[in-house]
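Labels for the chains are A, B, C, D, E and F, by order of writing; each one numbers its residues from 1.
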Amino acid sequence: MKLPFIEQNFISASAPFKESRIILLGCPYDGSSSFRPGARFGPSAIRKASWGIETFSPYFERDLGEMRIHDMGDLELPLGEKEASLRSVRKAIRKILSEKKFPISLGGDHLITLPIIDEIRRIHPDLHLVQIDAHADLREEYLGETISHSTVIRRVVDLLGNGKLTQLGVRSGTEEEFRFAKKIKSIVSTDRKSLRALVRRLRNRPVYITLDLDVIDPSLLPGVGTPEPGGLTFRDLISLLEELQPLHIVGFDLVELTPDYDPTQVSSLTASVILREMILAFARNPKH
Amino acid sequence: MKLPFIEQNFISASAPFKESRIILLGCPYDGSSSFRPGARFGPSAIRKASWGIETFSPYFERDLGEMRIHDMGDLELPLGEKEASLRSVRKAIRKILSEKKFPISLGGDHLITLPIIDEIRRIHPDLHLVQIDAHADLREEYLGETISHSTVIRRVVDLLGNGKLTQLGVRSGTEEEFRFAKKIKSIVSTDRKSLRALVRRLRNRPVYITLDLDVIDPSLLPGVGTPEPGGLTFRDLISLLEELQPLHIVGFDLVELTPDYDPTQVSSLTASVILREMILAFARNPKH
Amino acid sequence: MKLPFIEQNFISASAPFKESRIILLGCPYDGSSSFRPGARFGPSAIRKASWGIETFSPYFERDLGEMRIHDMGDLELPLGEKEASLRSVRKAIRKILSEKKFPISLGGDHLITLPIIDEIRRIHPDLHLVQIDAHADLREEYLGETISHSTVIRRVVDLLGNGKLTQLGVRSGTEEEFRFAKKIKSIVSTDRKSLRALVRRLRNRPVYITLDLDVIDPSLLPGVGTPEPGGLTFRDLISLLEELQPLHIVGFDLVELTPDYDPTQVSSLTASVILREMILAFARNPKH
Amino acid sequence: MKLPFIEQNFISASAPFKESRIILLGCPYDGSSSFRPGARFGPSAIRKASWGIETFSPYFERDLGEMRIHDMGDLELPLGEKEASLRSVRKAIRKILSEKKFPISLGGDHLITLPIIDEIRRIHPDLHLVQIDAHADLREEYLGETISHSTVIRRVVDLLGNGKLTQLGVRSGTEEEFRFAKKIKSIVSTDRKSLRALVRRLRNRPVYITLDLDVIDPSLLPGVGTPEPGGLTFRDLISLLEELQPLHIVGFDLVELTPDYDPTQVSSLTASVILREMILAFARNPKH
Amino acid sequence: MKLPFIEQNFISASAPFKESRIILLGCPYDGSSSFRPGARFGPSAIRKASWGIETFSPYFERDLGEMRIHDMGDLELPLGEKEASLRSVRKAIRKILSEKKFPISLGGDHLITLPIIDEIRRIHPDLHLVQIDAHADLREEYLGETISHSTVIRRVVDLLGNGKLTQLGVRSGTEEEFRFAKKIKSIVSTDRKSLRALVRRLRNRPVYITLDLDVIDPSLLPGVGTPEPGGLTFRDLISLLEELQPLHIVGFDLVELTPDYDPTQVSSLTASVILREMILAFARNPKH
Amino acid sequence: MKLPFIEQNFISASAPFKESRIILLGCPYDGSSSFRPGARFGPSAIRKASWGIETFSPYFERDLGEMRIHDMGDLELPLGEKEASLRSVRKAIRKILSEKKFPISLGGDHLITLPIIDEIRRIHPDLHLVQIDAHADLREEYLGETISHSTVIRRVVDLLGNGKLTQLGVRSGTEEEFRFAKKIKSIVSTDRKSLRALVRRLRNRPVYITLDLDVIDPSLLPGVGTPEPGGLTFRDLISLLEELQPLHIVGFDLVELTPDYDPTQVSSLTASVILREMILAFARNPKH
């Protein structure tokens, strides 16, 4: 006799690690949140909400069922210990990469992107980062700290070198951050023409995408650490993903969901639809 | 001495049953909700919220005060008993139709639409259904069940026959549902041109409208059983209603409001504005 | 390399089915809730909250780590289908019993207790039920229905026969329910003396315990379907469990947690502490 | 054909005005709330919640069904207009008294008690007030105002004269208020002995009871304008009502429920159980 | 030794009164709210939320740090006392104007605008009011009252005389209010062309701006007294502010934030970004 | 002309630093929370809520107005930086102590107590700690860390030496923590007799009190990082404070308030009443 039971991973991500090319990894670190903490609960909220959505995308007309995906669950991190937590994320990513799998990381706050990129660039030295985010995250330091979710992209620039950063959706930062972004020409408009030029420019280069969920307007996705009005609608984001589809994506992350600040649960639900769309857009036909 | 008291029906719906042509009926059934239950509280939440809105619509430039509307209140349904509950809805609709009145039903989950349409098609054998909804609801069965809020429109297709269904706003379903919708050509785009072609095609035919509130984007209306990002804005919906106004509408329903999932109460408020607009758009000059 | 990951079962319940004597089963059915639905989310909320508590009980001075417990997860039930859902619960219990394991069921609404007891009494014909609950649940019928969470204990009385029911904590019901309870002498006071007399009376008889979480005062546990003021404090409950410990318990359930009605999450947390205490009190040294 | 519909008054209060001796009146005024407003939504929240409770009290072993009760609904008050609002309350009470009926008023903030008592003392010149409340409400003035929810009982003392006030449950006030209370000996302890002495002292005198819901501990009833820890449990209150039962009660009110501050809805539910108990305790066998 | 402490005023508004040209004043009056009260908590919620945003605007490319701003804090108002409260607001504004400073008032409900405008017009007799609002607020009276948040703009018309009112964003009112607005031609469309014509027409005239936060769509800003769907997006508002920038603004207010109705806190956060943008748009280069 | 404005410090704590003997310090650090973060918002929530309570205590019959108290506000801490944050707390405490003032610290999570005690013991080498807390906090390490809110009291034991710790209210911990507590005899019962023996034993010794708000039952105070059922009632705590009053207290802290997890705001309100009571009990007649 077999009883039907509800699984607890992300929907459709029930293949064994060995047989999967796509790996989901929960990184529940939120020690560097500057405003509202709680991104530690992001990955489990995405998994839970995923059982209320379909596996089929009417936008890309594909189904998660076509792929083999493994969900590793959440890393158990030493709370409040930044260095040790980032080391733990780094180790997990290294393992995924060593098996030549496609890493999808769920934050946690934006700082988790730093060790991930540091690992991926060892395999893809020419790596380019596309950051989809409301905030520039380009501070040199923040409250005396150089390693934080407000400085993370500046540190990535240090790692990757010149001309390796594209920023989409940015609408908040200090005067200095915007000056720096202008200097390195990182901010790109999200209109169709600019995106197509970007895709042409990045073709044949390995690209990592980091999506901070606060890029979406807080009317739809209030459950983030630092909500910022004036963001993308869900449809804006789908169009953006459609445009970026031709890129050679080697991994991506989804960060900053803070589910306890949205009692309607729509933030988690939307995050889980976005994860479905990103998997179907970027992880289907890997070229690496 | 007369004291001014606050009424407890939908705003302006205080005429006696006998003198009213338009009848509101609350159907608080939510037994087939697949994700979040609580649509049972929908009709009373709409009534309560209606006392915070105006009776005048600046969109249609009409006022509810021009009509005679009766609010029957909520049916008392045997909880968890699908068959008995649907029978009770059916009986109430039969009574309204037998007096040649215009039925407006408030859900409850989407399954309530099934007995309503079954009754109306007895009077209007050529009935056409316009479904405004985020979800296709076209499954052949769901978790082993053929009668549920996920299969309800498929059952309506069984009842009404070929070519009698139009779907507006659909953005979620299984691959199979979309294939079926394509086969029966039910999904119509909501741009002005498509809507006008639709109105021309349906002119002179009796039309029933079922509006699942999840067609509205969850940024505005998170309080539904199955929120789905990427929906219509309120203004999109008003334009849509304006285009559909010339149709020969013989009844409509508003389903799936789940008020307890929206602590801001904006979902209930918006639902009650939508009800006002639909009454003013569709129930004013009945042609039947 | 081994990475530390967070598990998703109830804390400490990670032993394989085969090696475990104690089995947790989630029964997310809430079709018969008469007031507020949502008990379907109860079992997963208890599991999630359990990761915020200790495995050690300072009351019983024992640790969950001493036992081998398996968590089967949640049954996938056909929503809104009472008969089919109860059949599914029944099948799962039968399987657990057939392997001579100790069944612990997590509701869902109180109706799930009916098929469970019906299965257990086949093995233990002399079964006695101890119901810890705010509501008598002794109605002959409710809104025309004879099988519902308001009639469930009356149906159990039909199954088990005379003198087989004890009710603790009851403080709500119709006049007729209290009259019936008086007739069958089911209600027992929760003072120490009465409990000790009860334990003496039941010694050597197989006992099943059903705990409806609304027995706890809603100040502490508001997240239930039908909150009722005047309930037990947490310490009252611990004392009660201490007194009942000598009984020969053959299984128990914990029902009616409705987590979405408690935004503080304290209801889920408390339910998960109560589950820990009940396991340590009743499932440690099974005599059957 | 008769359909079963859900009523919208307080449960069981569906008798016509003429045939009822007991009258419920909603007074949704909250203009003098000093901390959190929203008591205007109190009466309708009590009515809605009442449909989730039983009509039978296991404490008094009586049922609301034994009485004829009429619910007038909520007065429509000019918002922000203190004088006009209080006049409107006064007029309604006068009407109820002129028909020799028993008035039960639902606030609204505590200020509504002032015009009510002023009307009742015209009929019962020897009227005594029993105030069950967390706050003394004995200020001479508050922020320059002499008529407010913080001064209301001081104004009642002005009206009724010396020795006509008893205060139960008070645990908050200024030093001056407590000094005044000591001077007029208004504060009485809630232990059984003191209450029995009080009942003996007041026997044969007409008594009005005003119950500010913040007398209950905010763990159970957080939805009030000015929560104050250290309050009565629900059982404490039931004992208190039992002791006061022999008094010659000529009317009572229940004020300060602020339902939107309690997302669990337990405050409204508890208030509606308290209203049931007070009706059964005080309005059953009127002696006036 | 100097320790870094977090300030409690609006971000960057820490200059002394004497040295500042721009003055923030909190007016926590909400006695005339007709639907949901609680605007009394608006100013403090804006201040608290401001510590989560940047001082730099990427829209106007300016920084609050360039100006000297003083935050007076909240007036302590006698609750429920309309006349006395409005007098207190009037006195504070008079003081600000007497020192030739630029007044920015934070509501509270919309009624606070009345005494402010009455003071400003004494200095600027030719004053024109630009009202950005979902509601016309043009009733002659409301529930018998002529001075309320629903009549406030009608009273301003009485004060300022003909042709001195422009209304932007209005989408709710009675039939009579819209008729009156048509008569006085106050409603202006928010498309670019209409706004430019307006700016040309008002050039060289002193203009006061009152922004009722409910003009923003409740999807983003649900925390207002009377939410109304169909409103402006945040970007719509920024465009509108950009167009109005050339006007000769002599003061403005931001009213009706009701923070406790938005548990996500996004309403307060958005209000504080809007305040930043309005300061940068209108208070930078004062011409008066 | 003087306008009455609402202050933003803790109620009555408006004296200048120089003139005050009692100093309030906000330490918004929550980097070591193991379950729910957000204690960073604790101190500001206590201040805001304090404006809704009285300055007079009916329990101690004293008024805050009798003392001179200064509120330093919140330290601005580098988020996610444990070492730097604790250094900043240490510096502030050192400053307070160097001026011979009485330090009252508001957390933040429990870890802030460590640097505070380390500073105080330099002045009072014989310092004894009385910890009022639901959790033992005696782990040797937690998730690989030795400095965290779960190990903080173990570290204090390391600092202060044997026999210098008393624990009241503890009801959660690992088996090992309870074994250690037994070994060092730190846990003391909260009955009157035990408390009096404790007071006799500690008489003449300098005592620091740390109160973790989770010692209070989560029915009243759900807004903490790690709620634990079975806690003290508010009245239990008042009795406990009364018993401890004779001690020679040299400072105290109040930690772990996590206000965003309590939408009713009762947690913050209760915390602010507790702070008032502790000031009146312990800081009035300092003997050091």
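Here, a residue touches a chain if its C-beta (ideal position, glycine included) is under 8 Å from a C-beta of that chain, and two chains touch if they have at least 3 such contacts.
Just so it is clear, the model here is predicted, and its values are computed rather than measured.
S.K.: So what angle, to the nearest 5 degrees, turns subunit A so that its CA atoms land on those of subunit E?
M.R.: The rotation relating subunit A to subunit E comes to 120 degrees.
S.K.: Tell me which chain's centre, taken as the mean of its C-alpha atoms, is farthest from subunit E.
M.R.: If we average the C-alpha coordinates per chain, C ends up farthest from subunit E.
S.K.: Report the inter-centroid distance (CA atoms only) between subunit C and subunit E in whole Å.
M.R.: 55
S.K.: In whole angstrom, what separates the CA-based centres of subunit D and subunit E?
M.R.: 39
S.K.: Which residues of subunit F are in contact with two or more other chains?
M.R.: Where subunit F meets two or more other chains at a single residue, that happens at 36, 76, 217, 219-220, 261, 263.
S.K.: Taking all chains into account, which pairs touch?
M.R.: Result for touching pairs of chains: A-B, A-C, A-E, A-F, B-C, B-D, B-E, C-D, C-F, D-E, D-F, E-F.
S.K.: In the complex of these two chains, what residues of subunit B are touching subunit C?
M.R.: Going by the criterion above, the answer is residues 30-34, 36-38, 40, 76-82, 84, 111, 142-145, 148, 260-261, 263.
S.K.: Residue numbers of subunit D touching subunit B in their complex, please.
M.R.: Residues 1, 3-8, 26, 28, 44, 48, 72-76, 88, 91-92, 95, 263.
S.K.: Can you check the complex and tell me which residues of subunit B touch subunit A?
M.R.: My answer: residues 35-36, 170-175, 178, 217-220, 222-223, 226-230, 261-263.
S.K.: Where on subunit B is subunit E touching in the complex?
M.R.: Listed in rising order, the residues of subunit B that touch subunit E are 52-56, 58, 61, 63, 217, 219-220, 233-235, 238, 263-266, 269-270, 273.
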